[in-house]
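Next come two complexes built around subunit A: one with subunit B, the other with subunit C.
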Partner chain A sequence: MLKLDEILVTRNWVGKPVRRKEDIRLVKGEAAYVDDLNMDCYQAAILRSPYAHARISRIDLTKAGALKGVVAVLTGQEVARETKPISARAITRPATQYVMAADKVRYVGEPVAAVVAEDRYIAEDALDLIEVEYEPLKPVVTIEDALKPDAPLVFEEAGSNVLMHDKMQHGDIEQAYREADLTLKEKFKVHRYSSTPLEPWAIIANYERASDSFVVWSNDQQHGRSLTNVCNTLGIPIHKLRLIVPDIGGGFGIKLALWPYIVILSLLAKKVSKPVKWIQTRREHLLAGSHAPDANVEIELALKKDGRILGLRITDIQNDGSFVHTAGIYGLIKFATMVGCYGIKATRAELLSIVTNKAPTVQNRGVGKPTMIFALERMVDIAAKRLGLDPSEIRLRNFVKPDQMPHTTPSGEIYESGDYPECLRKALRLVGYEESKKKRDDGRKTGKYIGIGISSGVEPGTSNLGYYYTARGLPEYTGNAEGAIVGIDYDGNVNVILGSVDSGQGHATTTAQVVADMLGISPERVSTANTMDSLISPFLGHSGVYSNKFNDVDLGAVIMATKKVRDKMLKIASHMLGASVAELKLKDGKVCLAKNEEKSVSFREIASLAYKRILLLPEGVEPGLKEIAYYKNPIAKLPNREDFNIQLTHSNSVHVVVVEVDVETGTVNFLRYVIVHDCGNQINPGIVEGMVIGSTVHGIGASLLEEFVYNEEGQLLSTTFMDYLKPTAIGVPKFELGHMESACPYTLLGTKAVGEGGSLPSLAAIANAVEDALSPFGVKVTSLPITPEKVLRAVRETKEI
Partner chain B sequence: MYPNRFEYFAPTSLQEALSLLSIYQDEAKLLAGGQSLLSLMKLRLANPKYLIDLGHIADLNYIRQNGDKIAIGAMTTYAQIKDSELLRKDCPLLVKTASVVGDVQVRNRGTIGGSLSHADPAADMPAAVLASGAELKAVHLNGERWIKAEEFFVTTFTTALAPNEILTEIRAPTLAGHKTIYLKAAPRPTDFAIVGIAACLRLGPNNRCEGIAMGVTGASDKAYRPQALEKALQGEKLDFYTIREAAARVTEGIEVNENIHASSGFRSHLAQVYTARAIQTAMNS
Partner chain C sequence: MHRIKLKINGKGFEHEVDSRLLLIHYLREKARLTGTHVGCDTGNCGACTIIFNGKAVKSCMILAVQANGAELTTIEGIAQNGFHPIQESFMDKFAVQCGYCTPGMIMSAHALLLENPDPNETEIREAIEGNLCMCTGYQQIVEAISHAAKKIGRSEKK
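Up next, the complex of A and B:
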């Protein structure tokens, strides 16, 4: 691996809170999202099932098709004839589902027909004219419903509503139980919530009749994979589809699985002579876009009396709704870091993916880790209480120690660096732990219910994409990697084309910082195209913006491509200056002699040889100054159930939260919110801070406000922002941040993940604080969200939230 | 998010608006700030064929003294109410209430007339006009009438306004010397009320209650005055226990709402807690 000194020639930009290049454009509304693309389009609208579970006995589009301005219609039956079913990744039982329901609907909001019209208003009017007769079936809504022996089957061919059931054991769990002084077990429930990016899903599809091929513009977050999925489902070779991703207005994972709609739009485009546009409405997004699954997690600790955790067992049941493509993956990703920050040596996990008549689940920020950390960190608090230990003490006793790094967990995950105990101590210092405890204890005497909650969390990044192998044969993708093209133009300025597209992370800014320090120029001279075009961009099956891979493989590719360009420039300069490459250095946009900086050639002069006066180039050097490189994470293991690293970098953080609970109204108010975060070396501390705070707010929403509420019929009751409550700027606490920088030895810049961080430990930190505040009432928190009504009921009656 | 087809009118006089309304009747909707109507139209829950925009009628937006009352034009926005010096001095309850409606954008567009006419059972303004003893002016082609706030709210989304009437003015008595407050329980600061309590008190020596008017929103199908509670406190010395005891009567005789944000039991409980807190806060203000 390249050393930092070999990569960076200056240290002027990397590590500095450089202002984001992107913001002026975004704030002024000058971004070009799919809906902003200036194209003459027809518009599509999608008819969705009003039933959670029903047979479609008749569908008639005659009236809709006859409406003036309607140009095409599509039904589920036609889709089933024209396409292959949605491919499954993790589930092991057969389950056939098409991108549009043909004979049976499996969730409220499932597409059953589509209409293309001259404008969206007409298309929506036409939906009202479609006649569908449904024979309602008994819906399966909850995990408990789905597991009943006589439960209706969501997929008859599966013979069960459990589509994946896997058991894995690592380390000597029997011994752990033999040596344990006690075991503690608890069941936790996490509800359905999700991300709601400002820009919903958006697609324009155009069919070019002459070449019998498609061009699609979409805000797809994982286009490398989507390209294959769409082409396979349509049954066309890859070269028949050109996928273009323009600006993305927020992703959070939610745009990883919009590809079934690209299939629908492609089918529609083929029927008409203009591009067809579909912009998902907010209601569609909340109804049938993408939820994180609700889950029941049973967790058991085998402990010594001194608080040491010897073994950990989980039974994790995911309500994955109805979407065979993603079903099961939450459980598999989650299990990888089930030991959290702790040096637990033996684990057993039983993972179930349940199919129900709820909406599809897609990878939402943190993919299952918020749930896992919630259960684990709650459990650790419960253990502390039982053993009479301070919640900070039990954690310190169990954390992996800095001298044990890199640490391999029982299942093979490699925690590469970090000082977990110091991270906690630092957070306790920041909050003033002893004073906070005193304030809490004094408060109780005067009827103030203050509580302190601590939670730690490992934040994995860069998925090693073979993880679903653990349940199902050899995967289609392994490892993780990304591509980049770096070019120097005639003027000596730099253009970067990435394989991924920024959806708010600041790729252009951080890329410019790194390239600037690699070439000895200022970041203003580096521009990054925020678009991907499958015809032009350097991409792989792994390409996209997900699992915090940018700092690792995306920048890795940028670095490798920049290095190629730099090497070539040095070669040309050495020829021009008549000196060996070893005698040269890069400075202020020039290559000069290290010993005599006066003697130099500018990038522009070098470019002029590379692009124009090519006859003056040294022997054997090709014209041009543009290089492509792909970079893969070096420590990804091959899929193996016994020893496998599902994610390839591991940041960590500690949240310490102080809340006051109003026991008359059930309201939880934040008094303090302290976060100490370690994501290795920071490229841009400003961006890191934004990510940490943003993701924490996401966790606060999940803990206190956001919930997709279903009734017994499987109807979603929270389909607008009046009912699905996101946290707003008013009402979130002031965050107090501390940072640590434990460089990662396996990424080129020593960086690690930062995009999900806050959304992981925040759930448990808040729950632990609430439980602490309510300890005079003996209340235990085992579920989320912590709503005022649940608090009040627990205080007065049930003793359990 | 895509409304049905409609025709749009922008009358410049009240007379013109009333004529349009009398022509199109039930098929027409008046448009004020659009903060409720447009969302309903986008969800196709409201599908008016004709939209009559009141925004171009000049003399519907004012706040002015009128004898011992303050007159507020129906098209006055929350933001204007919130920033009115006149109201701050003489009718601070309306100012306090307008300040906690929705967010800045909603307050900049939403109007008092729109809020009252819409009669959302969880809206804030109805509670305040009830507690301040306001009267509302309804105008139709052949005349006008005044409706007491208590008689204005009929049930969810239904008021005493006839289909051919436009609400043009809210007239509130000046409440100098009164203690007032509006408190709401809401999941987020910008949300509709789970319950909202407006209180307007006149206190004599020793905290004796010489006058009390309360408005409750969010609890039921409409905003209302909790008469049993008011009666229980009228003439009493307002101490902690008296207030708490009386607060239990805030939902007496009322069928309390239930939705995903609060069961009826919890909502009743919150109504009691907020009632007691509102009275105490008002007393201390």
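Up next, the complex of A and C:
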């Protein structure tokens, strides 16, 4: 691996809060999200099932098709004839589902027909004219419903509503239980929620009749995989579909699997003579976009009396709703870092993916790790209470110590660096732990219910993708990688084309910082394309913005491509200056002699040879100054159930929260919110800070406000932002941040994951604080969200939230 | 169909519109001003916030015909050349991530600072309560608005 000194020739930009290059367009309203593209389009609207589980006995689009302004219609039967079923990734039982329901609907909001019209108003009018007759079936809504022996089957061909069931054991769990002084067991329930990017899903599809091919514009977060999925489903070769991803208005994982709608739009586009646009409404997004699955987690700790945790066992049952493509993937991601920041030596995990008549699930920010950390960190607090230890003390006794790094967990995950005890101690110093405890205790005497909650968490990054398939044999994807093209323009400035896309992370800025320090220039001279185009961009099946992989493999590709360009420039400069490459250095946009800086050639002069005066190039050097590179994470192992690293970098953080619970209204108010995190070396601290705070606010929403509430018929009751409540500027605390930087030895710049971080420990930190605040009432928190109604009921009657 | 005449960012517009056309769709599709965004359709998210006769309003809650004779300012109009101090502050304070909420957020901040040039943190948070941001957790946005207020205050004193 290249060393930092071999990569960076200056240290002027990396690590500094450089102003974001993206923002000049964004603050002026000049961004180009899909819906902003200036094209003459027809507009599509989608008819969705009003039933959770029903057979479609008749569908008639005659009246809809006859409405003035309607130009095309599409039904599920036609889709089933024209396309292949949705491919599955993790489930092991057969389950056939098409991108539009043909004979049976499996969730409220599942597409059953689509209409294309001159504008969206007419298309929506036409939906009202579609006649569908349904034969309602008994819906399967909860995990408990799905597991009943006589439960109706969501997919008859599966023969069960359990589509994946995996068991894994690592380390000597029997010995752990033999040596334990006590075991503690608890069941936790985590609800359905979503990070709801503000820009909904958006697609424009155009069919070019002469070449029998498609051009699609979409805010797809994982275009590498989507391109394959769409083309396979449509049964066309990949070169027949050009996918373009312009600006994306937030993703958080929720835009990782919108590709079934690209299939629908492509089919619609083929029927008409103009591009067809579909912009998902917010109601569609909440009803039938993607949720994080609700889950039941049973967790058991085997402990010594002094608080040391010897063994950890979980049974994780996730309600994946009805979407075979992503069903089952949460369990394995939870499992990856199930021991959290602790040096637990033995684990057993039983993982189930349940299919129900709820909406699809997809990788929402944190992907199961918020649930896992919630269960584990709640359990650690329960153990502390039982053993009479301070919640901070039990954690310090169990954390992996800095001198044990790199630490390999029982299943083979490698925690590469970090000082977990100091991270906690720093957070306790920031919050003023002893004073906070005194304030809490004093408050109780005067009827103020203040609580302190601590939670730690590992934030993994860069998915080693093959792990999805541990239960299915040969993986379609393994490892993780990204591509990049770096070129020097004629005039000596730099342009970068990434294989990935940006959904708010500031990739153009961080890329420019790194390239600038690699070439000894200012980031002003580096421009990064903010559009991904499958015809031009150097993408792979892994490409996209997910699993915090940018700082690892995306920048890795940029670095390797920049190095190739730099090497070539040095070679040309060496020829021009009549000196050996070893005698040269880069400075201020020039290549000069290290010993005599006045003897130099500018990038512009070098580029002039490369692009124009090519006959002056040294022998054997190709014209042009543009290089492509692909970079893969160097430590990824092939999936192996005995020893596998599911994630390839590991950041860590501690949240310490002080809340006051109003027992008259049931509301939870933040008094303090302290975060100390360690994401390795930071490239742009201004961007990191925003990601840490933003993702923590996702956790606050999940803990206190947001919930997809279903009734027993499988109807979603929270389908707008009036009843699905998001955090606003009022009600979120002012965050106090502390940073640590333990460089990662396995990434080129020593960086690790940042982005999901805050959304992981926040759930447990808040729940622990609420339980502490309500300890005079003996209330235990085993579920989320902590709504005022649940608080009041717990205080007055049930003693349990 | 109805004929409407209005001023947007100081420029006159005249169109035949359907009575049910929402103002946000008029702005985006007829006037082709796409800086104003749609995020929720129910008046909750504030991505469509504009200034309507001096007040911040959500343009998805208004029909285009209701804007007949009105004077509107959209994100494209608050600084025709260069950047408004609020826009500068959003860049200085890392108040932008995906940028989708940003125009609406800036318009709400603009309306606040027109009425209250020296707001405290609570007043800023109250003023943008109707604007959802899914990326930032609001902290850097609040800092940016506070910074902008000071900047505008300083330049007016000069």
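Just so we're on the same page, the second predicted complex is superposed on the first by the 801 of 801 C-alpha atoms of A that agree within 3 Å, B and C clash if a C-alpha of one lies under 4 Å from a C-alpha of the other, contacts with A are read in each partner's own complex, and residues count from 1 in each chain.
Please note the rule applied: a contact is a pair of C-beta atoms (placed from the backbone, for glycine too) under 8 Å apart; a residue touches a chain by one contact, two chains touch by 3 or more.
It should be emphasised that the depicted structure is a prediction, and the values quoted were computed from it without experimental measurement.
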item	value
Which superposed partner A:281 touches (first subunit B, second subunit C, both, neither)	both
Partner chain in contact with A:198 - subunit B first, subunit C second, else both or neither	second
Which of subunit B and subunit C A:33 touches, first, second, both or neither	second
Partner chain in contact with A:252 - subunit B first, subunit C second, else both or neither	second
Partner chain(s) touched by A:718 [first = subunit B, second = subunit C, both, neither]	first
Subunit B versus subunit C as contact partner of A:728, first or second or both or neither	both
Subunit B versus subunit C as contact partner of A:664, first or second or both or neither	first
Winner by number of subunit A residues touched, once subunit B and subunit C are compared	C
Partner chain(s) touched by A:689 [first = subunit B, second = subunit C, both, neither]	second
Contacts of A:124 with subunit B and subunit C, given as first, second, both or neither	first
Shared subunit A contacts, counted only where both subunit B and subunit C touch the same residue	121, 281-283, 720, 722, 727-728, 730
Residue ranges of subunit B touching subunit A (in the complex, touch as defined)	1-5, 39, 43-44, 103, 185, 187-192, 260-263, 266, 269-270, 273-274
Residue ranges of subunit A in contact with subunit B within the complex	45, 120-121, 124-125, 281-283, 664-666, 705, 709, 717-718, 720, 722-723, 725, 727-728, 730-731, 787-789, 792-793
Contacting residues of subunit A [partner subunit C, same complex]	17, 19-20, 22-31, 33, 35-36, 38, 121, 195-200, 247-252, 279, 281-283, 503-506, 686-687, 689-691, 693-698, 720-722, 726-730, 732, 734-735, 758
Footprint of subunit A on subunit C - complex, ascending	18, 20-21, 28, 32-42, 44-45, 47, 74-76, 79, 83, 87, 90-92, 94-103, 106, 121, 124-126, 128-142
